[in-house]
Amino acid sequence: MVIMAVSSSYPPYPPSPTFQPVLERIATEIGQTPGRGRPADYIPALAACDPRRFGMAVAEIDGTVYGVGDWRQPFSTQSITKVFTLALDLAREGDELWEHVGREPSGNPFNSLVQLEYENGIPRNPFINAGALVVTDRLQTRTGDAAGTLLAFLRAESGNAELTFDKEVAASEATHGDRNAALAHFMASYGNIDNPVPVLLEQYFRQCSIEASCADLALATSFLARHGLRADGSRLLTQSQAKQVNAVMLTCGTYDAAGDFAYRVGLPGKSGVGGGIIAVVPGRCTLCVWSPGLDERGNSVAGVAALDRFTTLTGVSVF
Amino acid sequence: MVIMAVSSSYPPYPPSPTFQPVLERIATEIGQTPGRGRPADYIPALAACDPRRFGMAVAEIDGTVYGVGDWRQPFSTQSITKVFTLALDLAREGDELWEHVGREPSGNPFNSLVQLEYENGIPRNPFINAGALVVTDRLQTRTGDAAGTLLAFLRAESGNAELTFDKEVAASEATHGDRNAALAHFMASYGNIDNPVPVLLEQYFRQCSIEASCADLALATSFLARHGLRADGSRLLTQSQAKQVNAVMLTCGTYDAAGDFAYRVGLPGKSGVGGGIIAVVPGRCTLCVWSPGLDERGNSVAGVAALDRFTTLTGVSVF
Amino acid sequence: MVIMAVSSSYPPYPPSPTFQPVLERIATEIGQTPGRGRPADYIPALAACDPRRFGMAVAEIDGTVYGVGDWRQPFSTQSITKVFTLALDLAREGDELWEHVGREPSGNPFNSLVQLEYENGIPRNPFINAGALVVTDRLQTRTGDAAGTLLAFLRAESGNAELTFDKEVAASEATHGDRNAALAHFMASYGNIDNPVPVLLEQYFRQCSIEASCADLALATSFLARHGLRADGSRLLTQSQAKQVNAVMLTCGTYDAAGDFAYRVGLPGKSGVGGGIIAVVPGRCTLCVWSPGLDERGNSVAGVAALDRFTTLTGVSVF
Amino acid sequence: MVIMAVSSSYPPYPPSPTFQPVLERIATEIGQTPGRGRPADYIPALAACDPRRFGMAVAEIDGTVYGVGDWRQPFSTQSITKVFTLALDLAREGDELWEHVGREPSGNPFNSLVQLEYENGIPRNPFINAGALVVTDRLQTRTGDAAGTLLAFLRAESGNAELTFDKEVAASEATHGDRNAALAHFMASYGNIDNPVPVLLEQYFRQCSIEASCADLALATSFLARHGLRADGSRLLTQSQAKQVNAVMLTCGTYDAAGDFAYRVGLPGKSGVGGGIIAVVPGRCTLCVWSPGLDERGNSVAGVAALDRFTTLTGVSVF
C-alpha cells in the first residue's frame, strides 16, 4: 500500500508532526489483513468496489489535512451526508426540528418500520433512514433544493469545487428505492412529510449519491470540531448545537452498532454503506476513513478497525 | 436552600476554587423551581421522599470532594449501583461478559421484554434491568456474595464505612419484584442465568437498596475518571475497560433517555429511581446529584437540569 | 324504520316464510337504539353517511332474496370486496397464491407493518390491507384488469348490471392512500409485488369504491353458501376451496375482532369500513347487513348486533 | 397397524355404522407414512414416545365411542386440558372471565411475551400459555384445587375413574418451567394473577400432566357437541357459552396454526404437545386423535392429517 503524505493538488498541507506516523502505522497494519467484509451489493457502483481499497485522512481544525492510502480517492458518501443535512436544517429551524424527529438510539436495524409505527410516524433519530428522510424533507421545504444546498456546503467546506452527484448511483438508489418509498409514504400518512413523496425521494437519492474523498469529508466535518464554525470563520451552528450533533452521532451514528462503536472507538462518528466513516475529536480534529468492505451491520470493517487503532494509539477519545 | 460548602465530618476537603461557585449558582437556580417531578411511588420509602430535596457533589480525581445542598444526605442508590457491579464483574471476567449481555442502547422502556425475546435472552446492555440481573448473576457466581462485594467496594472508595443496605427498601423491592422475577425466569429459560432465581433476586434487591450520599457516590465513581484506578492507587479496570464503561454509560445510562441526556448533558452518566445521577468527566472529576422528583422516563428532573447547567456553565463536556 | 318486504324491481322474491319475521324483529330492535358508532371519517363520502341507516338482506341459495330497511340502498363496499378478489384469484391460480399471502389471523390492527416486517413481506392473510394488495396485484397480473374483473363478477352474481365504481370515493382513497402506498412499496422491496405500485394502487382503490346494496352483496356471496357454484350453476371454486374461503373469513374477516365476531356471531363474515358486513351460512343462505356507524375496530356496530341477534334467534351458527 | 374396532373394557360401544369404516380407512392411510414429525423433546416422558403410534376415536353425542389404532392408549394430554379448565371456569364466573383474558387469535408463537406487554398483562386468549395460566389461576381461586376439579370432571365425563396425574411429567414440566414462571410473574406485575406464582405453577403443571386416551378425551369433550350438557344430562354451560367455547377453539385452538387448521380441517379443535388433538362437530360428535410426532408449530402431523381426511371423506365441516 502506497502511503501518500500530502497531495500537491491541495494548498500547502504540511504533514502533521503528531498524527502522520500514526496514520502510516495504521495503514500498514490494515494492509496486512486486506479485503475484509463485503461491499454493499444492492447498488452496482458500490458492489464493484475493491474491498482492499483503504484511505484515511485527518483534518486539524486549522484546515491542515493529511492522510494515507486512498485518502484522495472519491467514493460514494451515502449516509455520511445525513450529518450535513442535519446540521444545515438545524441551523435553519433550531429545536423545532426535534418535534418531527427524535434523538434516541433506535435499538433496531436501520430500516425498521416497527418503532416508526409505535411512535406515530416520528422517527427515533436523524440517522436512521426514516429520520434522514424527515430532515431532507424539511430542508427541501426551507431551501427548495435540499441536495443542491448540501452540495454547495460540501464544496465550500472542502475547498473542492469539483464535488458532484453521481447520477448513476442516484438512479440505482431509485431503482431499489421501495423501502425508502415505503418509509416516506408511511410517515406521510402521519402528516410528518411536507413534500410529495417522489420529490422527496429524488432529493434524498441525489444527496446520497455525492462522491467525495476522505480529505474532502474530513474538512467538511471540521465545523463539528470547531464548535460550529465553518471554514471561513462564519458560524453555522451555535456551540450548543454543535455539541448536540456530536452527541447524536455518538449515540446513533453507526446503525445498530452505535454502542459497540462508542465502546471501541469512543468518538462521535457516522458511517455510510459506501464504506466511509467520519469521526470528530471535539476541539481538536476530524477524521475520515474509507474501505468498502462492510460488516453485517453496514459499517466498514477496516474503517472501524482503523479508528479503533487511532484512538488506542493516540489516547484520543471523548472518554 | 442552604448551601453547605464542606462537611466537617470528612477529612479536609477545601472548597475547589473552580467548581464551588458553579455548584452554588446551580443550587440557587434549582431552588427557584423546587419540587418538580414525582418520587418513585412503588416503594414506600422512596415515595415518602420530599421532592424539594436537592444535593450535588463534585469529586476531583485527587479525592477532593465538595458540594451543595443535601450532598451529605444518604439516599437510595437503586440503579446507580449497576455501574459498580458492571465494573466489578468486568474486572473479574473481562470480555467474556459480553457474550451474555450486549452493549447497545435498548430503544425501549427499561423493563421491556420484547427485545429480550427477539434476541434469545441476551439483554441489550448492562443497565436495563435484564442486563443488570445477568451481571449480578455472574458476579454472584464468581464471588458467592455479589451484594456484599459491591458494598465493600463502595465503602472503600467513598471512605465511608457506614454505608449499608436498607433492609426495608430491599423487602419492598421483593414485594414488587414480579417484573424482575419474570425477566430472570425468562432469561433462565434461555440458559442465561446461572444461579437459582430466588438467590439472584435477593442479591439484586439488596444491591439496589444501598444508601449513599452524593459525596459517597462521586468518590466511588472516581475510578472511572481515573481511567480505572481505585482510591488506593490499585487498578480495578484497564484504561481501555474504564473507557468502555464510560461509553456504555453515555449510550445506555439513562433508560430510554440516553440520547436526550447525551444531547443535553454530554457526559457519561447513570441515574437511579431514588433520584440520584452520577456523571463522569474523564481525566478530570466526577459528579453526583440527587433530587427525588422523577420525569416520566425515571430520571431526576432537577438532577438532569443541574448537570445540564453544570456543563453549560463550565464548558465541560466530552463533545 | 320502514321495513320493506320485497322490492318490486327484482324478479319475484317472495318473502321467506322462515327468515322474514326474524329480519323484521331485528330491524325493530335495532331501530330502538339508532345511530350507534361513527362513520369512517377519512373519506368525505363515507363520513357524510347517516349512522341511523340500517338495512339487512338474506339470500337463500336458490337466489331468493329478501330484506328489511335500507336493504336496496347502495353503499360503499370497501373491504368486503376482498372476499371476491380472493375467490377470483384463487379460482385462477389455486394454492400457489398461498406462497405469497398467509391465512393466519394477524393479531394486530389491520394496517400493521410490524408482522409484515418480521415475516419478510408475506402478509398474514388476504383480508388485512397488505394481503388484499397482494391478491389484487396477482389478479391484475392474470387478468390485466383486476377491478374490472371484480365488477363483472359482482354484476353477474347480483343480477344488477348497474353496479359501478364511485369515482369520487376512489379519488378520496387515493388522496389518503399513503399507508397503502407504504404497504405496497414495502412488500415490493421483498419482491412480493409484480405490478408498478401506482398501477396496483389504482386498481385497489377502484375495487374498494364499488357501490352495492345488501341485496346485491348477499346474492354475490351466495357462491360461498353453494360450495363454490355461481348463480348460473357454473363452478367458480371447488368445494374444498369454498370451504377454505369460509374458514379464512371466520378467522380473519373482521380485522382485529375476528375472535370476538366468531364468539358472538359464529359465522364466516367480512366487514368493510363503509358499514357493510357479509356472512355465510354454508349450504343454507348468505346475509348482508349495512349500517354506517363503526366501532373502534372498524366494524359496523348495528351490523354486528344484527348478525348476533340473527344467529341467536334462528339458532343458525356453524358452532 | 392393528385396527381395534371396540374395546371390551368399556360398556357396550357397538361400532358406528357411519364412521367406523372412515376411521379404518384413515388409519390405513396414516399407517402408510408412519412416524412423521418429532415428539416434544423438552420432557423426557414425551420425548420417549414412539412417533409411529397412532390412535383415533369418535364419540357420538349419545355416548357411543369407537376408534382405531391406539385409541385406548393413555397419553399426556398437555394443552388439551386448557379447553376443560376454560369451560369449568366459564361455568362458574361467566363473562367476568373475559375482563382478564381476551378471545382473539394471538398471531404469534404460543409463548410470546410481546403482545402480553403491549396489552398490559391481559393475554390474547385462553389457549396460549399466558391465557391458560390466568384461567387456572381463577379456577384455583374459586375451587381451591383447580387441577383436582379438572381431574374429577374428566373422570366423570369419560366414565374412566382411573384417570390420574403423571407425577413424573408434572415434575419435568416444573424443571423446565422458567418460561411459564416468567409469564406468571409478568402478569402478576400487572395485577392479573391472584394466587402466589408457585401455587399457580404447581396447579398448572399438574393439570397438564393428566394422562388420558383418545376414547376418554372424545367422551370428555362431548359436552361441547351437546351444546353444554354433560354426560349425566346436567348443564355445564349455557348453549351460548358452548358455542362460544367452540368459536374460541376454532380461532385460537392450534397455536400459531389456527388459520391453517380452520382452512384444512374446518372444525373447532385443540391440540397438545403430547400429540393429541380434540375436535368438535357441533350437534353431532367429537373426535380425538393421537400421534406423538409434531410439526414445527407444535401440532401432531398425523393428527392434523387424520382430521383433514376425516372432514374430506365425510363432508363433515362447519363450513
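In this document, chain identifiers A, B, C and D correspond to the written order of the chains, with residue numbering beginning at 1 in each.
Note that in this section a residue touches a chain if its C-beta (ideal position, glycine included) is under 8 Å from a C-beta of that chain, and two chains touch if they have at least 3 such contacts.
Remember, it's a predicted structure, so these values are computed and weren't measured experimentally.
Common neighbours of chain A and chain C (chains touching each): not present. Over half of the residue numbers found at the chain B and chain D interface occur in both copies, marking it as a same-residue contact. Distances between chain centres, each the mean of the C-alpha atoms, put B farthest from chain C. For this pair, chain C with chain D, the centres built from the Cα atoms lie 33 Å apart.
We define each chain's centre as the mean of its Cα atoms; on that basis chain A and chain D are separated by 57 Å. For the pair chain B and chain D, the distance between mean C-alpha positions equals 49 Å. Those residues of chain C in touch with two or more other chains do not exist in this structure.
Chains touching one another, given as pairs, are A-B, A-C, B-D, C-D.
The part of chain B that touches chain A in the complex is made up of residues 102-108, 115, 124-125, 240, 242-244, 246-248, 250-252, 256-260, 262-263, 266, 268, 282, 312, 317-319. Those residues of chain B that touch chain D in the shared complex are 112-114, 117, 178-179, 181-186, 188-189, 197.
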